[in-house]
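Per-chain numbering from 1; labels A, B, C and D assigned in written order.
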Amino acid sequence: MATRIEVGILGATGVVGQRLVSRLEHHPWFRVTWVAASDRSAGRRYAEVPWRLGAPRPSGTSELTVEASVPGHAPRLVFSALDAEPARDIEPAFAQAGHLVVSNTRTSRMDPDVPLLIPEVNPDHLAVLTAQRQQRGWTGGIVTNPNCSTIFLAMALAPLRRFDLTRVVVTTEQAVSGAGHPGVASLDIMGNVVPYIAGEEEKLESEPLKVLGCYREGRVVPHEAVISAQTTRVAVVDGHTGAASVALGEPTSVAEIVDAWRSFQGPDEVRKLPTAPSRPIVYLDAPDRPQPRLDVDAGDGMVVHIGRLRPCPALGYKFVFLGHNTIRGAAGAAILNGELLKAKGYL
Amino acid sequence: MATRIEVGILGATGVVGQRLVSRLEHHPWFRVTWVAASDRSAGRRYAEVPWRLGAPRPSGTSELTVEASVPGHAPRLVFSALDAEPARDIEPAFAQAGHLVVSNTRTSRMDPDVPLLIPEVNPDHLAVLTAQRQQRGWTGGIVTNPNCSTIFLAMALAPLRRFDLTRVVVTTEQAVSGAGHPGVASLDIMGNVVPYIAGEEEKLESEPLKVLGCYREGRVVPHEAVISAQTTRVAVVDGHTGAASVALGEPTSVAEIVDAWRSFQGPDEVRKLPTAPSRPIVYLDAPDRPQPRLDVDAGDGMVVHIGRLRPCPALGYKFVFLGHNTIRGAAGAAILNGELLKAKGYL
Amino acid sequence: MATRIEVGILGATGVVGQRLVSRLEHHPWFRVTWVAASDRSAGRRYAEVPWRLGAPRPSGTSELTVEASVPGHAPRLVFSALDAEPARDIEPAFAQAGHLVVSNTRTSRMDPDVPLLIPEVNPDHLAVLTAQRQQRGWTGGIVTNPNCSTIFLAMALAPLRRFDLTRVVVTTEQAVSGAGHPGVASLDIMGNVVPYIAGEEEKLESEPLKVLGCYREGRVVPHEAVISAQTTRVAVVDGHTGAASVALGEPTSVAEIVDAWRSFQGPDEVRKLPTAPSRPIVYLDAPDRPQPRLDVDAGDGMVVHIGRLRPCPALGYKFVFLGHNTIRGAAGAAILNGELLKAKGYL
Amino acid sequence: MATRIEVGILGATGVVGQRLVSRLEHHPWFRVTWVAASDRSAGRRYAEVPWRLGAPRPSGTSELTVEASVPGHAPRLVFSALDAEPARDIEPAFAQAGHLVVSNTRTSRMDPDVPLLIPEVNPDHLAVLTAQRQQRGWTGGIVTNPNCSTIFLAMALAPLRRFDLTRVVVTTEQAVSGAGHPGVASLDIMGNVVPYIAGEEEKLESEPLKVLGCYREGRVVPHEAVISAQTTRVAVVDGHTGAASVALGEPTSVAEIVDAWRSFQGPDEVRKLPTAPSRPIVYLDAPDRPQPRLDVDAGDGMVVHIGRLRPCPALGYKFVFLGHNTIRGAAGAAILNGELLKAKGYL
């Protein structure tokens, strides 16, 4: 194996940051040599930070010292799992200092000059980065992935654009790991459903339209469909489930839609990325799938599972989808974006 | 207290049957004097049957012997919590033998000559019972309540008819007690969402239209709205949650709809029934309600909670609703129907 | 009803504080007229504080303003649900200012001059309060109830003292509500067992010995038994379960021990307290009881359930016990202590 | 890789049977070529049987037809995950017909001429098989592994024999997968603790003594320690936790015991078995470990995790242990026994 590219992690002590570190442990291209977190953790050995994942703590980063979240000694490529509030200042500071920040944070996602990427869906949107650098006078830059639920919905909807997608009604049942740690109090969610996640519906109604939009002359023209979302929290550890109904302008059939999903894949250069799944969408025929417990870890957590496609008497068609929220919906999404940056020659 | 009317319970050993016995223990009008179950349990003392509810086992029925499910010695009024398959033969046999069967079972619900009742919504549909008796030559009869989810959705939709309800898209998150005992295996649902409940979506797409329809000349003309349902099972003990979007033909506002819900009530004779809630619908203003753990037991389990009403960009308005599936959605619904029968002079 | 005595609540916004307010709503002797909490909540209407219990929010206290935790305008009798740290200064300040503080907090429990009370077990220990006032020069005073698990274990052990109790080995499975809100993170406990609760084993190994000890000449001589505890957290909302083995110096039998539990009760003046259960210990004969879901709410949450008594080949006898941790184990315990103070003429 | 030995699975459609098939999919020595189940499933393709594990369904056995549970065409080595009742006749029938039955079932475990094996602990007990064959006139034979909880407890106790182990008091918190599928009803265990598992305590009090005993002249002399067990069911999917106190006749220290665990391993020929963990016992230093969610999958599910060793004031020392009940406690245990049979030349 050739020398791996050194990368850093902002927000390395949270649940998504730990997923990043864990998934990069044996990455063929990248090697984590720098981890940063809030002042509270800075200065500790990374091995001393409480570990939140069922997956074992990676050994390769044990001896790193948790750094303060300031540029300087960080590698050029930095993955960010920061919370939204600190990200507002920290990510631009790194971009200005010449770092390429691949961010999982919502802060900059909807900025017109920030790419909001799902490599299989809209890799061409990365071109917006050029405008970003020019306008902001940066030598680095910020590239983002969408919110977890958005990624799963946008991937499910991407192949439906050919049938003239006009309206979407979606209800999600989201896992507690999406709220980080400590996140959701056990008293609030055990044996319960909480029909509200702050800010989540707004993201799910807007971000997919940017992802599904067209790149034209330095900017993204959003898709014109209308999305209505209800997002709920359920007592699941990992895996966001969604139940969607879609209206399609073009006549089609269950068989055609399933075929569109099963044959969906990114362009050749995306398919070759190290962590890109061979088929990004897995359609399951069983009538009671997908389910978090049975399906969420399949495809190394990087695929979106879909099932139960059938006519919707109110809109057109309806189906159920599922994705791993801290892998495909967060850490894995950011890593795939980092791989795209390298494949496109940005590093 | 005047002498209470003797009533019987078919299917008295299941979860809904036990709820019936438990809720009738101190009922002002009715007294359980006869319990029946499958041959497996027949002959045992009712006190020996395994008790499934958190509520304590009622003492008044301890000494009853579990009878076989045949008419004869049963009281005239019989509540049925039978499974669908045995109900097919047993309920008509009781009706023919002169018993009034108030059934929670799906078997006869959609028969044109069987009333499908929610007393606050369509008490006039009880008139169908006359046609039933004539056509079938019965001295008794069968009266049904809808499926649990249907009751909550139909109650939420009833006040919206005035705004010309045309389309409904609904996703439910249903509790395991809805499947009885043993019902859902713990391995299948702990930390999981199962996006399929056999037969449930069909009921939720058809039964509300019968309930919301108009009684005309001996029959019910169904409501013309279209309902699309996705029903899922979640790790909740009691309480079905639903997320609905509705299209309304008439212009209206959030304030008007909330007012329609809050002011909704049945006719005077229904409001006076012993277990009828003073307000059948409770609208909650908090942004994260209703929730099963916090709300399901309020109003003695007989109200439908609604919250989060807001515009739906795809259809019109959207909201969340919740009901107690084994009380308002089953045992309590049947008891209220029994009370309606008495109030209307059928006993 | 005669005029009710005004009482105050310290720590009124936490889970135990809310239980206190909820259970005092219809209390025959006491009426909550004053609620206090940390500076963060002070000044808000009590109705605006987020409500954490499944039980409905009581209406009688809605209009109270949350006060700062300083004496002065508080009533003479004050129940404290403070956290241990703030209790260290606040509770003595109230006692010095003439308030009788009935505390659920651990801070002062093991002080030699502070009564650690379970009214059915050691009401005579209240006499220690006299020494406390003299030594500290207080016109008020502090009275405490034990830790939740201690209460259940001490009640189960109290009737065994007659058989010369010498050793106890106990493992607990404790509910998340014991940690308050937000308390245990959902990611940490869903589908999991955490075999450690900070400080809990120390309390469970020491507090019962003080409770079970003898009052002699102004002080309590602890019981001489040895207790070894392992305390674990499980995914239960309310209800601490314990599995105990005991060594007894006197020969006895299963029948005698069960009889000792079933006949156990406090002195006459305790039995007449408004919230004292008629029988503090309920022994269940079924082989698989007690269970939190089926038993925890019985007896209004004020009884300790015991079951499965059988010989222990290693020590002597073994059994399972269960109690409601925020009722009998916290709020209900403090209220019972408050009632004892009134019955004994301390108010 | 050399040709793999063909093996069969009895009870291949249950949870443990599926674990066996899943774990043998890529086994270096064995290849599943024959699967059998009850008459209900016989004749179906194995790919059609409902799959219960989160791990993906193995592809190598998809095309096998589920056979009836009769010898004849089965391979010489057969793993059995049968229920206890059918095992009573089926396992001896296979042994008589010349098959080596490596059984996970309790039926024959305590028979004096049946080896009850944990390869790291008592591989020499396999010698009992010779007596079994002679006495029963079999060309095959039956070899068993202990009950899941027993395996974890016996492995934890094995290194303590050197300190003169005399008494053990243990409470377990066991996962629902231990009861198979459908097994425990969700209504019975969600948010609950069930303090009873039929037959489990008897096994946990007797089986470890056989495992820890000495082989002498054709038979096993059981260990003389006394074990007292309380076994409870909790809402965990995989992973049995236990809290144990032990009395030791020899003086020792925490450091010595931890060292005994960490250095514990089987004889050389056992250490080389393909699925034997390099260290069978992992001692964790963190104060709140082991936990099912964080630890159960470590070491490929084949290690026993121990933590929290500290003095027990009532007995001597106490600690917490954890094992994966369907891997090290069932399927993985049987496979390791199968490997031992091959290594010892029995195939």
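Assume a contact is a pair of C-beta atoms (placed from the backbone, for glycine too) under 8 Å apart; a residue touches a chain by one contact, two chains touch by 3 or more.
Worth saying up front: this structure is predicted, and the values here are computed from it rather than measured.
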Practice item. Quick one: point me to the chain whose Cα centre is farthest from that of chain D. Key: B
Practice item. Count the C-beta pairs in contact for B-C and for C-D, then report the pair with the higher count. Key: C-D
Study note, to complete from the structure: Per the C-alpha centroid definition, the whole-Å distance linking chain C and chain D comes out as 42
Revision key, fill the gap. When centres are defined as mean Cα positions, the distance from chain B to chain D in whole Å is 47
Revision key, fill the gap. Distance between the CA centroids of chain B and chain C (whole Å) is 40
Revision key, fill the gap. Expected list for chain D, residues touching two or more other chains, is 190-191, 235, 237, 293-294
Exercise for review: Over in the complex, which chain C residues touch chain A? Could you list them?
Suggested key: 15, 52, 176-177, 181-191, 235, 237
Review point. Where on chain A is chain D touching in the complex?
Key: 51, 53-54, 56, 190-191, 237, 293-294, 297-298
Review point. Mind pulling up the chain D residues that touch chain C in the complex?
Key: 167-169, 171, 173, 190-196, 205, 226-228, 230, 232, 234-237, 239, 241, 243, 245, 247, 287-294, 307-308, 312-315, 318, 320
